[in-house]
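What follows is a set of structures for review.
Two complexes follow with chain A in common, the first pairing it with chain B and the second with chain C.
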Partner chain A sequence: MFVLGIIELKNVSKSFDNKTNVIDDLNLTIESGEFVVLLGPSGSGKSTILRMIAGLEPITKGDLFIKGKRQNDVPAKDRDIAMVFQNYALYPHMTVFDNIAFGLKVRKVNKGKIEEKVEKVAEMLGLTSYLKRKPKDLSGGQQQRVALGRAIVRDTDIFLMDEPLSNLDAKLRTTMREELVQLHRELSATTIFVTHDQTEAMTMADKIVVINEGKVQQIGTPAEIYNYPANLFVAGFIGSPAMNLLPLQENRSGFAFAGQMIQTPGFTTQPDGLILGIRPEDCKISGKGYPVKITFIEDLGADQYIHGISGGRKVVIRESPDKRFRIGQHTFFTMNPEKISWFDKKTGKRLEPADEPFTGDELRVYHG
Partner chain B sequence: MDKKANIWQLLFFVAIPLVPLLVFWIIPLFVSVWLSFTNWDYISPDYEYVGLSNYLNMLADEAFLQALGNTLLFAVGTVIPTIILGFIFAVMLSRLRRNVTFLQGLMFAPWITPMIGMSIVWSWMFDPRVGPVNQMLGFFGLPEPHWLTDSNFAIWAVIIVTVWKNTGWAMLFFSDALTKIPQSLFEVADIEGAGRWAKIRHILIPLVSPTTLFLFIILTLDALQAFDQINVLTQGGPSGSTRTLLYLYYELAFEQFNMGAATAVAVLILVISAILSFISMKISKKYVYY
Partner chain C sequence: MAKREKIEKLILFLILLAIGLFMVFPMVWMMLSSLKTTEEILGGSLTLLPSDPQWSNFPKALEMAPFLRFVWNSFFTASVIVIVQLFLSSLLAYALTQMEFKGRNTLFMIVLSTYMLPAAATYVPSYVIISRLGLMDSLAGIIVSNLANVFTIFLLRQNFLKVPKELIEAARADGASEWTILWKIVAPMSKNALINASILSFVLNFNNYLWPSLITNSEENYLISVGLNRFFNTQGAFEQTFPLIMAATVISVLPLLIIYFVLQKYFISAVSSSSGLKG
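Showing the complex of A and B:
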């Protein structure tokens, strides 16, 4: 039998003004138990996708299926989904207990059962001693936990999270990231997590969906997306610092960068201009190779990032911290040829070498 | 030079607003309390101290007890419907996308119209034979009471006018309170499975409660002080059925020239106002969320 995902979006479009599509012909299948991260810059439409799944925004065109049933016309309250909001959206007039219990109360669960469930969830999240407090007497991290508690207590198998960590300070964000992944393992519920923070996406996701301007750019595991970006947008968006994207000059005998010929593989499709993509960690300062003038050095302790100009282009190279460089120095760098990504200059799409066809399945990494 | 104001400068600035407060409020307050122990007739220079007899007579007087009952009925009958209708209209308006300001303005209009003028128009509206109110009731085959001349209906006529005037005002405060509730709270409620009634009960009503308390206190004090509409519509009649405490005070002071008895009523109005405000503040500790 054909196995459907727990959530399926088919040719979904969303328009607020009936003129331009904020989400354009989106197809996405989310399998049961997956931790899926929708990643994109602000305004890319990732939150809108989440809100359409939740039932907070109507779907302009296309179909949404949850557990095989079409949900377009099902109101949010009947979709049995839990959601955590960016600003937590806690009820300021209710205690922590009442906030967590809210969903159960309006669903007329009996009192003893509510108490039992809320206490269990509170214990899980370390909120037991705060149950009688109001949200305003809690720290940001605690409020965040209450919002999570309200979602967990419902025992639903789909969680939607709309940038839940972005209001927390950097340190707390790291610990919450860990806790959320842990929680996801314990509950084994399907989680869709929206963020613009690629670190969150890389560290938490089973599957990342990169979105820009309402369109899916790439779907894959963190490793796939990092190592084999599908287009120039993904290449530039994922990784910090970003991948070096170097346009090559085309001449009679082939392609060149900074006056040096570059060995290019044969491609499955004929490219219209070439862009070479290489991550900073796959470059090395060396006695030979491509000339570079160092303009700026970022010392992070564990690594140093050497910023320079090569062939009129900015490049970033990661180097080990023990080596000494100085600003203004003229030197050379090399690239690991196995790690180069090739992009078509015209379409921005990734080009696959013809001799070793890339198949997604070989690279799929299974998590947890 | 010392930039701080010295004590005399400070006193001077405090004195400016304090003078009118003293002249029109604090001194008359004490004078009234003092007058309530006399039998001054408002005109002649002499008077006698009568001790508590003004108060004792008052409590034994049927007209007073009737006025007290009328005041309670009038207060409850205006404050509660005004708050409920104001809330309902505000919620209805908050769901509209267009013409909100226009409709708000329309509903707010009665409040900025002088009560005297409005009451005159309403006295015509309530005319038993040609007034539009009874025309309409008649159209639906309902009984057509003699609004302003039937002692069973007169107080309701005054209540209707007062509620009509104040509803738009209450609505405006509720509208403002509603816009301050973040949309995400309702979205969470949707996702958590709350229906329309649950949302109103668990979110809307508690979150506008500071506004409700404010309106409750102001409208209650306003009800205790209602005068214009009663004076124009019914002059306290028929047979005292619309005579509230304040109207009783007016009659005692300026129609019967019994200043001692009148000020006793005034003091009692003050005491009632203070007690009501105190109670509502106490209750609010439990039910009002800030």
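Showing the complex of A and C:
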């Protein structure tokens, strides 16, 4: 069955100066009820996309459809979208009650109904005893809840959230993350969540859209993005510590790394130079394999990350904490061949082994 | 170190006190003189306090001319001007700060540039306009010709700029119209600026003299400043009526004094917010 997305961006471009495109020819379909995370480094244009959907930023080129209707020229106030801002954007002169009620008041909802709804939302967010306070008398977490309340009370089916957790401290951020996921489950509203924090993206998203320099790099579930990065940017951006990306030397008989020949599969397209990608957890220190000199050990309690130099390249290897290593030690490491990602050195794109045909149904990998 | 600072503070305090006394002296002199006799004021020996307070100067002054009417005229025109001016200036300042349109900055520059014109240069064209509108010699004429005030527009614009952009956007996403955003978000958040602007504008219009004196002829339309002038300075018997002039002047400043005491804290911020801008 062909389902039209609740939000569709078709060939959308955005330029602030009519010269360079901050967003370049973007195509994105968001389905009803999804929790979609737009993930990218700062300046990647992810917030701009959100603001275009909200109607706060005009679209330079292309079309935006919400529920099948073109929205380019519909002002923000008529789009019936609820938005949560990074700095919460609470009205400082209004009480918590009035802040939450504002969206209903401007829509001329009758007073009794407003009271009923605000109280229900306040209860849901644990704000009941704060309704008469002003925003400045609340903690960061409470302010965040008010901002959410203002969005929830509107009963709209589209939520836009622009880095709503980035101003909270680490602990509160974890709690709010859970609460947001819980909330999404209860309300099942389509949510677009912008963040530069990959942990937020991995833990909350049904679907992650990785964005860099105004272009979609990859769209997929957190697992797809993590295990099958579509290009070098995604491979390097997702995961902490990042994936080891090791350029291979090409010689007459094949490809080599650190003086060792590496068995490469046949590829569907002929690569122009090869980069091997392997995550730290898929490497093991061993008596054989690729030589590595340990330069630094990061002990995190549950794991330890062994940083070293191999073949003139920095590598990171995750090891169990009970093993003992020392800085300066010369040893070897192996890689799990099944977990290796291959990238074309020239284009930076992921290469698919020819013998294991890649099934497009499972993965929606966008080669941007 | 601390001692030196204390001494410096003391010196500064004394200097400010001296300047303060110097500034307030005419006011005190006026009030005391309103209770003196002509002889006491103009006689050879200078006395500070009236030997026998002449309270009757006040009813006498009120008999000479309808000063209460003049005070009312001033109060009424200044109040209407302030209300309408604030309303109109808010609209323009909002458009200049929160709405995107072509020529927005140019419009602001044009508005600002009129501030550089000396007021006297606008009198002749304004006079013609007021007379064409048929508003000569009327309070309406005084009101209409003072509705636009560049300074108020400027002050409000600067303060509307301080409202975080995210709040405006949040309100738009909440479904608020521009009109609602202006009156429910921007104006309440700029409350102090609005109060400051109204105080400055009220004082200016209450004390306005030259322009009202040009366009009003009949006594019933005199503002207090005009009335005081017409009834004393232009009369020959200036000396005899000196205490009465003082009494009338005291009556004329009373409304401002009352407003000053009520809104004291705003007055201070109003003046400091306009410093460096008012020449």
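As a working rule, the second predicted complex is superposed on the first by the 358 of 368 C-alpha atoms of A that agree within 3 Å, B and C clash if a C-alpha of one lies under 4 Å from a C-alpha of the other, contacts with A are read in each partner's own complex, and residues count from 1 in each chain.
Just so we're on the same page, a contact is a pair of C-beta atoms (placed from the backbone, for glycine too) under 8 Å apart; a residue touches a chain by one contact, two chains touch by 3 or more.
Nothing here was measured: the structure is a model prediction, and the numbers come from that model.
Once the two complexes are overlaid through chain A, chain B and chain C clash, as defined at the top of the document. Looking at the shared chain after the overlay, A:G68 reaches neither chain B nor chain C. Of the two partner chains placed by superposition, chain B and chain C are both touched by A:A89. Of the two partner chains placed by the overlay, chain B and chain C both lie in contact with A:K77. Legend: residue contacts after superposition of the two complexes on their common chain; A:L56 is shown touching both chain B and chain C. By the touch criterion defined above, A:R107 lies against chain B and chain C together after alignment on the C-alpha atoms of chain A. Common to the chain B-facing and chain C-facing surfaces of chain A are residues 54-56, 75-83, 85, 87, 89, 91-93, 102-103, 106-107, 150, 154. Chain A meets chain B in the complex at residues 54-56, 75-83, 85, 87, 89, 91-94, 102-103, 105-107, 150, 154. For chain A in complex with chain C, the touching residues are 54-56, 75-83, 85-87, 89, 91-93, 102-103, 106-107, 150, 154, 160. Those residues of chain B that touch chain A in the complex are listed here as 182, 184-185, 187-195, 198, 202-203, 206-207, 209, 289. Across the complex, chain A is touched by residues 164, 166-167, 169-177, 180, 184-185, 188-189, 191 of chain C.
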